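Two complexes follow with chain A in common, the first pairing it with chain B and the second with chain C.
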Partner chain A sequence: MQEIYWGVISGTSQVWLGLWALAGGRRGFTSKAGPRVEAGASRRVLKGVGQILEPLALADFGSGGAVARPEKAIAFAYRLCAVATDRVGPVRSVLEDGCLCLRSDNVVEGNCAEELLQNSRRDVEEYFVAPPGRISWPKLDEKEPLSHC
Partner chain B sequence: MATPMLRWCCPGRRWIFAGIGGGSRHGRGVPTGSTSSGKRGQSSVAQQPLITAQKPRKGEREWAAVVGLEIHAQIASNSKLFSGSQVDFAAPPNSLVSFFDASLPGTLPVLNRRCVEAAVMTGLALDCHINRKSLFDRKHYFYADLPAGYQITQQRLPIAVNGSLAYSVCVGQRWSQMVTRTVGVKQIQLEQDSGKSLHDNLRSQTLIDLNRAGVGLLEVVLEPDMSCGEEAAAAIRELQLILQALGTSQANMAEGQLRVDANISVHHPGEPLGVRTEVKNLNSARFLAKAIDYEIQRQISELENGGKILNETRSFDYKLGCTVPMRDKEGKQDYRFMPEPNLPPLLLYDSGSLPTGADPQQVIDIDQLREQLPELPRVTREKLVRQYGMRPEHSFALLNEVGLLEFFQNVMKETRAEPKKVTSWVLNTFLGFLKQQNLAVSESPVTPSALAELLDLLDRKAISSSAAKQAQCVKTRKNSILIKGGLPPHLQPHLTVSGGHKVPGTQRTLTNKHPEG
Partner chain C sequence: MLKGYVPPYNATVVQKLLDQGALLMGKTNLDEFAMGSGSTDGIFGPVKNPWSYSKQYREKRKQKSHGENEDSDWLITGGSSGGSAAAVSAFTCFAALGSDTGGSTRNPAAHCGVVGLKPSYGLVSRHGLIPLVNSMDVPGTLTRCVDDAATVLGILAGHDPKDSTTIQDPVKPFTLPSLTDVSKLCIGIPKEYLTPALSSEVRSLWSKAANLFESEGAKVIEVSLPHTSYSIVCYHVLCTSEVASNMARFDGLEYGHRCDTDVSTEAMYAATRREGFNDVVRERILSGNFFLLKENYENYFVKAQKVRRLIARDFVNVFNSGVDVLLTPTTLSEAVPHTEFIREDNRTRSAQNDIFTQAVNMAGLPAVSVPMALSSQGLPIGLQFIGRAFCDQQLLTVAKWFEKRVQFPVIQLQELMDDCSSIFENEKLASVSLK
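So, the complex of A and B:
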């Protein structure tokens, strides 16, 4: 499958494109004009994926505008298929030629609990209090911190 | 602290379904007196009240279990993976948190050199291919102890791949038969740890401590080459010893420095693999094997009863001794992986490719790290067997207890007794005595010199073995042992014990049952 330049598309669109390809929305990449995106098909895919993504990404796919934006982004991205990219690797990061600087293993920061806790609406004895909603209450012994996904 | 003992395990074991409850329409159970795997299956589920053993039917098909492990080991470093806040486990809440760890805007990750070295050393010790170029990614999910809403990890191109881990299990009823097995290491990657959530049931709130957020983790992914809980436990034990020998992680499961998740499925041999479940929260060496074996049996009984296995995440309930579905894992998770935009690729070098004139602080040489690798447990055990003619299982036992090997070697330096006698004494009498008193080797009131002297006396037949055993227990306030009662004065040695360890009322006199001289 051809890679698309990710810099153009927001993070959530990666899922759209993957599902789009699975749904058979992919056209050949030899056409100079680029593939045409079927409006009805894309809306069906977006609706289904939106229902999955809403709780995971805390994104709102309920409104018309919320579906229209990724639709436009996908249509735009498919125009890039007109570009021949055989044997050319994708740009995964604009820093790919950059130098990753390493830090020495010394302790140089921290110890600012008071400052950090000022950002929190509620705190209890120097702990942050989590906003309600995402965390379910396990039956296990409460001394064990909950392990997450 | 009791270290897990190597237990008996049958190679390539097959599982026989043990009937669940009286109402099972299949009514199969563990066969009596047949394959060892059957017996093992029975003892491992003996504590489960629901499972009853019944006679098998003819033509019953065997099951094979497939177990893969994902291990998270906290890297032993002074500071965190991408920030300069301290790594420590007993500090006031949120005191070891930098602005980056709290995910405040305007902060950027800066990679800790020590963590990279730890990953490379671990990869080399596990015979992995070290990727000269590796990449960082973001794994997105929302949880209160992950302030950024994503974890920086290495999903696409990790730092090390394709290695192997050799471990040993006992076969047969006696300990004397040990076989070496190998499990493939799929990859090793660097990633961030999350903070800790503490649930306050009383006030229905969750408290968050970010001290652990951002601590460097090594994720070691093992291939699904294992087939039962014992193999998994043995592999984990060996990995623990390797990490401790390298100094890359203290790997103490009780303190949360080593966490294990297991992927488990069952199938009939020759048929495709079954649906797998993930069992999380396996944080106890003692219960690791039990939890895995329980899940295998649960899947077998579910399938035998015509049910289906869901691709779900489960957790091990230590109190009930069974796996339960994790409530907040409903539905499939989509992590929306994307390249970490703030980090360039991590480049590693070897002596042939080192860039000239580069700052040594900024460059990591794999060959140099390879030369500096400390001796691995496997090599240490082989040396013990060669040098002292020791049985392999004894070499395992010596390495299984912290400080015991050093103690043994110090005794050997000072005693004239035979290695076999010393080994036997250290592993049986000495270790038994420590376990009884619930002491670690470092807390032993008997020093290696003292034991060496004692063993010399025993060797010269100056004292009996029972007298020697008692001598080991005697301590005085003046830091010396007097062996009284029956021994001639010239045979009364003064043995020194480690100071400061006062045990009330312990001055005793020996009764010498076999007076000599």
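So, the complex of A and C:
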């Protein structure tokens, strides 16, 4: 199969579409990944931290199909290991070189308790109502299936 | 999760439009919480691409297949802002808002034959935009022509005290000049964007576009963005990590859906979120929480932040070398049928379809998708222009020049053609919005 590549013929200043050999494998978006995490390994990793993950996320893995996708996502992410990032700082914001200002801490709007409370399903005397908070969510291997409300 | 929720305030971008006299016609469909690249995973069902019903597409289909149900194989819009793109494409409205975190405005714009603009990060307020990735999200615009995109941007751009990530520099509404001389322009073609997965038709149009600029006197050069191959992985880690954090606010306590479970707070949160979020959202939350675990934080999240710097630096280096605007495909191919799209899961499709668009979000740059031509099947194909940070006006000026040269045809929908025959006399008109 012929593949197409892009090239600029020097001297003629023409951009043209040429032929690109398959030999040498793909380029462009294929990463030269480092060690790959096998699906089985990522499944073991995921299962191992599942007891921490679900309570932290307050989201569960649900059915068997839904477990497979986080595994693939984690295996996919492992490719980042291949990138050399020595002496490279993390980016927290692309505006890090500029000056961003916070507004002053003066209350200029609000007083909309009624509107806000209209969106809540349960409130008493303008307080949001929560169930008891000192009961931890059951562990993964002990919990009963969540009932569908 | 937000069933029945009535926002107690307007997003800044919405308020700005209302202040200018705009009429809000409605809210459009999308992938749930903007997670997806097809607009197929929303609670209201998938969005159908208006081009599925266009004369241009149907005539090509009739040539190939006979007697099939014309509606059975409708096409996706792309996503996640597919509803907005469809609305503009079908002449439902003058313009629509979308969001763009990894290409969610540009992707559906390309598939629906409209102009999709992602402004520079920091130019347009995110106040009121449900956050997905705080450091990448940008409100996007969908319009039928570049001039309209400039009009809307002129209204939306500018500092917002309610969003501290907007820059302080004053921005005024502007009119795009009609560029005639491109001899001082330098267009960059990133070589790493030439991937085997790119369809031959998109590849051909990309080449044709480059030749168009060069034939009119512009300098067109091949450039390199060396870390391109790691971009989608980097985006995936950062996106899921920030999603894990941003979705934590949806617990049913103060607003939105709430389960009946009253056993405990945690049980209530978990059941509410299980019912309120679809599988796609929950998968990203779980993956993101994995990357944010103490044992993984440095190796995944911080690592991805470092790779992000390398990716952003690639763009800076290219622009510092004299390139004004980059020209790339927006999507791998034209819009595909829904039945074909759903054969792969959301994460796989997003990784495939965000390939040309997400790096722009990581660098915070402005980018616009402009429809160029119809494919052999009569479907739109768009190309992407990427500009320097906060050079949105220059970017749109170049895009307008290109739009005028390619004369993308108007969609021919039977109902529209019956009602507006006088407007469609000139079939090559890109926008009939303000004329």
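Going forward, the second predicted complex is superposed on the first by the 88 of 149 C-alpha atoms of A that agree within 3 Å, B and C clash if a C-alpha of one lies under 4 Å from a C-alpha of the other, contacts with A are read in each partner's own complex, and residues count from 1 in each chain.
Here is the rule we use: a residue touches a chain if its C-beta (ideal position, glycine included) is under 8 Å from a C-beta of that chain, and two chains touch if they have at least 3 such contacts.
This one's a predicted model, so the numbers in the text were calculated from it and none came from an experiment.
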item	value
Partner chain in contact with A:107 - chain B first, chain C second, else both or neither	first
Per-residue touch tally on chain A - higher for chain B or for chain C	C
Which of chain B and chain C A:79 touches, first, second, both or neither	second
Chain B versus chain C as contact partner of A:125, first or second or both or neither	first
Which of chain B and chain C A:52 touches, first, second, both or neither	both
Touching both chain B and chain C, residues of chain A	6, 14-15, 52-53, 55-58, 92-95, 98-103, 112, 116, 119, 128, 130-132, 134-137, 146-149
Chain B - residues contacting chain A, complex	77-79, 83-86, 92-99, 102, 104, 110-116, 135, 140-146, 194, 196-201, 204-210, 259, 280-281, 313, 315, 317, 319, 324, 326-329, 331-334, 336, 338-347, 361-362, 364
Touching residues on chain C, where the partner in the complex is chain A	4-6, 8, 121-122, 135, 161-162, 164-165, 167-168, 189, 191-197, 200, 203-204, 207, 210-211, 214, 219-222, 227-230, 232-234, 236-237, 240, 244, 248, 251-256, 258-271, 273-275, 277, 279, 282-291, 293, 299-300, 302-310, 312, 345, 347-348, 351, 355, 362-364, 389
Complex contacts: residues of chain A adjacent to chain C	3-8, 13-17, 20, 26-32, 46, 49, 52-62, 65-66, 69-70, 72-74, 76-77, 79-83, 85, 88-95, 98-103, 112, 115-116, 118-122, 128, 130-137, 146-149
Partner chain B, residues of chain A touching it in the complex	6, 11-12, 14-15, 52-53, 55-58, 92-113, 116-117, 119, 124-132, 134-142, 144-149
